[in-house]
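Shared between the two complexes below is chain A, which pairs with chain B and chain C, respectively.
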Partner chain A sequence: MASTLRPYLTCIRNTLDAAMCLQNFPCQEVERHNKPEVELKSSPELLLNPVLICRNESEKCLIETSINSLRISLKVKQADELENILTKKFLRFLSMRAEAFQVLRRKPVQGYDISFLITNYHCEEMQKHKLIDFIVQFMEDIDKEISELKMSVNTRGRLVATEFLKQFI
Partner chain B sequence: MACIERASPALNQILLKLYSAEKPVEIDHHLYEFGSFKYHILCQACEPQVAYLSISTPPLCPGILTSNKLSSYTIELIKRLCPGVVEIAEATREGYQLTLRLNLTKIPRRNDYVKVIKEISTVHSVILSSQLKEILWNFNSDDAIKGMHKPIKLAYNPREPFFVIRQPPRIIAVFPIRFAEKSDVIISTAFFQELVDVGSLDKYTKAPPCSWSAIPPPELRGEAFEDLSTNGGFVSFDISAHHVDGKRLDKTVWNLLNFNAYVRFHVKTTKGFIQRRMRKRLENLVEVLHHTESEQDNEQITRHHGCSCTKGLLVKSSKYNILKQRWGNLGRKLKRIHFRVKIQGFGRFRQRWLRLPKFSSSRGYTKLG
Partner chain C sequence: MAVTAVHQLAQCITCHAWSADRSMVALCPNNSEVHIYRLVEDKWEKMHVLQKHDQLISGIDWSARSNKIVTASHDRNSYVWNLERSEWVPTLVILRLNRAALCVQWSPKENKFAVGSGAKTVCICYYEQENNWWVSKLIRKRHDSSVTCVSWHPDNILVASTSTDGKCRIFSTFIKGVDAKDPKNESRFGELIVQLDLSPSWTFGVKWSPSGNTLAYVGHNSVIYFVDDVGPSPLAQNVVFRDLPLRDVLFVSEKMVIGVGYDCIPMVFAADERGIWSFIRYLGERKAVSSGSRYGSQFSEAFGKFYGQAKQGGSNDASETSRTRGVVHENCINSIIPLSRQGTQIRRFSTTGLDGKLVMWDLETEQDLLELLVH
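Entry: the complex of A and B
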């Protein structure tokens, strides 16, 4: 499994490197408005082809690009029901605090667990390669955190079960 | 874990307060506790050395213990609780099953008084444990001859009944598990799997073997549908003679009565643990992002370091640019506001007083340090 992780992350990194060429582009439909075109999808000429990178059936990454914004949606692996609820809880927790991350979307795209929205303003404020590093590091950290959480929950359960059964001895 | 402790914490606290009061105190408290327990504590100022404690508890097994009165075995066990201090009052208070007369002067004055008061506060656990012991001992011989061992439904907590089936030489305790949320079901299922794993280890052969199944066990066939419909499965414990010998009987009975509460407490604390861990992780992840931003600012500062004729560093922070741009945008918006009502002289007022501050200094650069 670990052998497919590096190529998966490298592919995402290279795709983001190519896709993150954003510039300011005012809204064509409403005067004096500036909206991320990848969210509106009202003008097809401003949208690029979305790229779907799949590590396996349960893990994938969708990168949708437009002239002034980029949306990255991630589906995290969930091997069993416990990982499922831990992933949902954790990613919902992060999404509700999206303002702390600036580039995180409050609601993930349908069919995915978490989404990022990067606009040209973010690219002006932050360096592109650092932003890509952050996203790739975030993906690794999420996987690691879910695995650790699952192990902690099982370890706690084991300790509590041991204490309960000790009372009978 | 107040629901699992033998001593009632509220009752303990009130009795301690009553005992250590310097002046005579009048107390008339009604308490309602886990497992539908009702207490009434009465202490009058005219008789400060005596307190009356009335207790009411629903029957553990309504089908078998039809009478509301406590059995003689239970009364006997209560009498053994701090003899001298606790007496059973002849007249029971209306609405309660038992009234105890507590003689506070007979409680030892030194360090032991905490222990004595705690023992008095365990009166509800004594009543419940004695009821379960009686149910397990009063074996219906007719059923044994026919080979039928009908499950006995026990309701310590009315919403969480469990079953006891007597199949000599063992007793099987079956707990139907129900939770309101799906995440609770999953956490509890993980716990039950660990419980079964730990129980199968050599170290815990003396503990009652336990098993978990998603479907009702065959011993519960014929029971009511609402009792068998669960989302958390069924946990079974095989209690043998070894587990009910001597002092172990009390522990076994109390553990069985509080198993549901134990599981719920574990699920609640696990959810709290997950929440704490997520918060900590959030701080770490955000710190990485802020560290990234500060690295970028430092890089821009070092990039502009150079010209020897300038004093200090020429700083052109990206944040400064953004702030200037935003003020500029706001200023332009304000200027474009068209008021429907034209006020003479307002234009001049706006130009003079509603000006936005300029960020550029007279020197043409901002000195840092």
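Entry: the complex of A and C
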């Protein structure tokens, strides 16, 4: 399992390196406005082809770029019902606090668990390679966090059940 | 080293322009103002702040002989600034644009300037003596998307423009009363001379060579296009390079071009005797790329391999150094302006980038490039 993680992350890192070439671009549709083109999709010539990187059937990453913004959507591995619930709750917790993360999107794209929106303003304020490191690190940490949460739920369940059933001995 | 000076003038610089004697530089620090700095005894002093625009200033150009600054901004306006006594006085130019202005350049004779806009048009502005104001004429048709960059041919009539629809177009901007009539060149205003459809992706940074014979522009697909003998039967070449795309180019001689962009380091391209262009090298590259691992020694890298892949983040791995290539600039370089000219060759130039640094380069120290230049 771990053997496919490295190439998956390297592939995402290289794709992000190429995709994160963003520049300030004023809106063509509305005067005096500056909008992330990847969200608007109003001018097809300003969008690049989206890239879908799949690790297996349940884990994938969609990277959509445009001239001034980039959207990364992740689908995290969910093996059973418990992981499904844990992932949903954990990622919803993070997404609700999207302001603190700056690059996080408040709602994930349809069909994915979590999305990032990086604009040219983020690239101006922060360094590009650090942003990419953050995203890749996030992906690694998510898997660890969900496993830890699952283990702690199972442990707690076992403890509670043991205590409860002691009264029947 | 090719770098002669590095100055941190702002947090982020959008564009810059030098005065004729190269003692003052006008730049936009990513807001709606223009800051003019003068080099006083090794320190940069902010001499003037030009505040008239409402939104980000996307282009500044400083004319050499008439000492006027033209600025174009995302608020659809453009101002021509004249130095009167010691104040810069703005004159509004009615561009008649309904979208942002993206780039601006004075013509070689400085009687006209061209503005590319998000309204898919190019405006050519000239000074009308009778009414004492700047008038604009729009080249309305032909463009399918925003015009990202404009460049004047040395003959003061032709203008090349690149756009986000991937095409480079050359127009004639002959204006009766402003330009002298040329019997060889009977063209109307706004006439499309050549349309170059070489790039599948957005195009930026178009420039003419000093003689006007060759045109160079970059595409976002990491290709730089060179077009020789621009006219009815142009000869186009493209040079694909390995890394990230470029944003702007500069002809330092008839046969050498420096490109700058997302790699944060200038790239040198040159044409050999047969006229075939190719990539020569980077200017001032960092020597050992893999030694820049943030956690230091090879010891920790070896440990990382021992513990298996699911250990620390990507920065420990020798193959994954996602660091910038550039030694000097830390973020994308977005413009390159010549500093000194010797005949038709440029030995010194300056670059500014999103990291807010103004870096001055000198080719005198690069022996191998000098030999190619002299050709």
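Heads up, the rule we're going with is that the second predicted complex is superposed on the first by the 169 of 169 C-alpha atoms of A that agree within 3 Å, B and C clash if a C-alpha of one lies under 4 Å from a C-alpha of the other, contacts with A are read in each partner's own complex, and residues count from 1 in each chain.
Convention: a contact is a pair of C-beta atoms (placed from the backbone, for glycine too) under 8 Å apart; a residue touches a chain by one contact, two chains touch by 3 or more.
On a predicted model such as this, the values are computed, not experimentally measured, just so you know.
Participant: Touching A:49, do we find chain B (first), chain C (second), both, or neither?
Facilitator: It touches nothing on chain B or chain C.
Participant: Of the two partner chains, chain B (first) and chain C (second), which one does A:110 touch, if any: first, second, both, or neither?
Facilitator: Touch status of A:110: no partner.
Participant: Between chain B (first) and chain C (second), which does A:24 come into contact with in this model arrangement: first, second, both, or neither?
Facilitator: second
Participant: By the touch definition at the top of the document, which applies to A:133: first (chain B), second (chain C), both, or neither?
Facilitator: Both partners, chain B and chain C.
Participant: Give one of first, second, both or neither to describe whether A:6 is in contact with chain B, with chain C, with both, or with none.
Facilitator: In the superposed model, A:6 contacts chain C only, not chain B.
Participant: Thinking of the overlay built on chain A, is A:123 touched by chain B (first), by chain C (second), by both, or by neither?
Facilitator: So A:123 only meets chain C here.
Participant: Would you please give the residues of chain A that touch chain B in one complex and also touch chain C in the other complex?
Facilitator: 124-125, 127, 133, 137.
Participant: Flag every residue of chain B that touches chain A in the complex, lowest number first.
Facilitator: 182-183, 186-187, 189-191, 193-195, 197-199, 204, 206-208, 243, 248, 251-252, 255, 262, 266, 270, 273-275, 277-278, 281-282, 284-286, 288-289, 292-293, 295-296, 299, 318-319, 322
Participant: For chain C, which residues count as touching chain A in their complex?
Facilitator: Those residues of chain C that touch chain A are 12, 14, 30, 54-56, 58, 74-76, 98-100, 102, 118, 120, 144-146, 164-166, 201-202, 220, 244-245, 247, 261-262, 308-310, 313-315, 317, 319-320, 322-324, 330-332, 334, 354.
Participant: For a test of understanding, state which residues of chain A touch chain C in their complex under the given definition.
Facilitator: Answer in residue numbers: 2-3, 5-6, 9-10, 13, 17-18, 21, 23-28, 31-32, 34, 43, 45-46, 48, 67, 123-125, 127-129, 132-133, 136-137, 140.
Participant: Once bound in the complex, which stretches of chain A touch chain B?
Facilitator: Residues 81-82, 84-86, 89-90, 93-94, 97, 100-102, 124-127, 130-131, 133-134, 137-138, 141, 145, 149, 152-154, 156-158, 160-162, 164-169.
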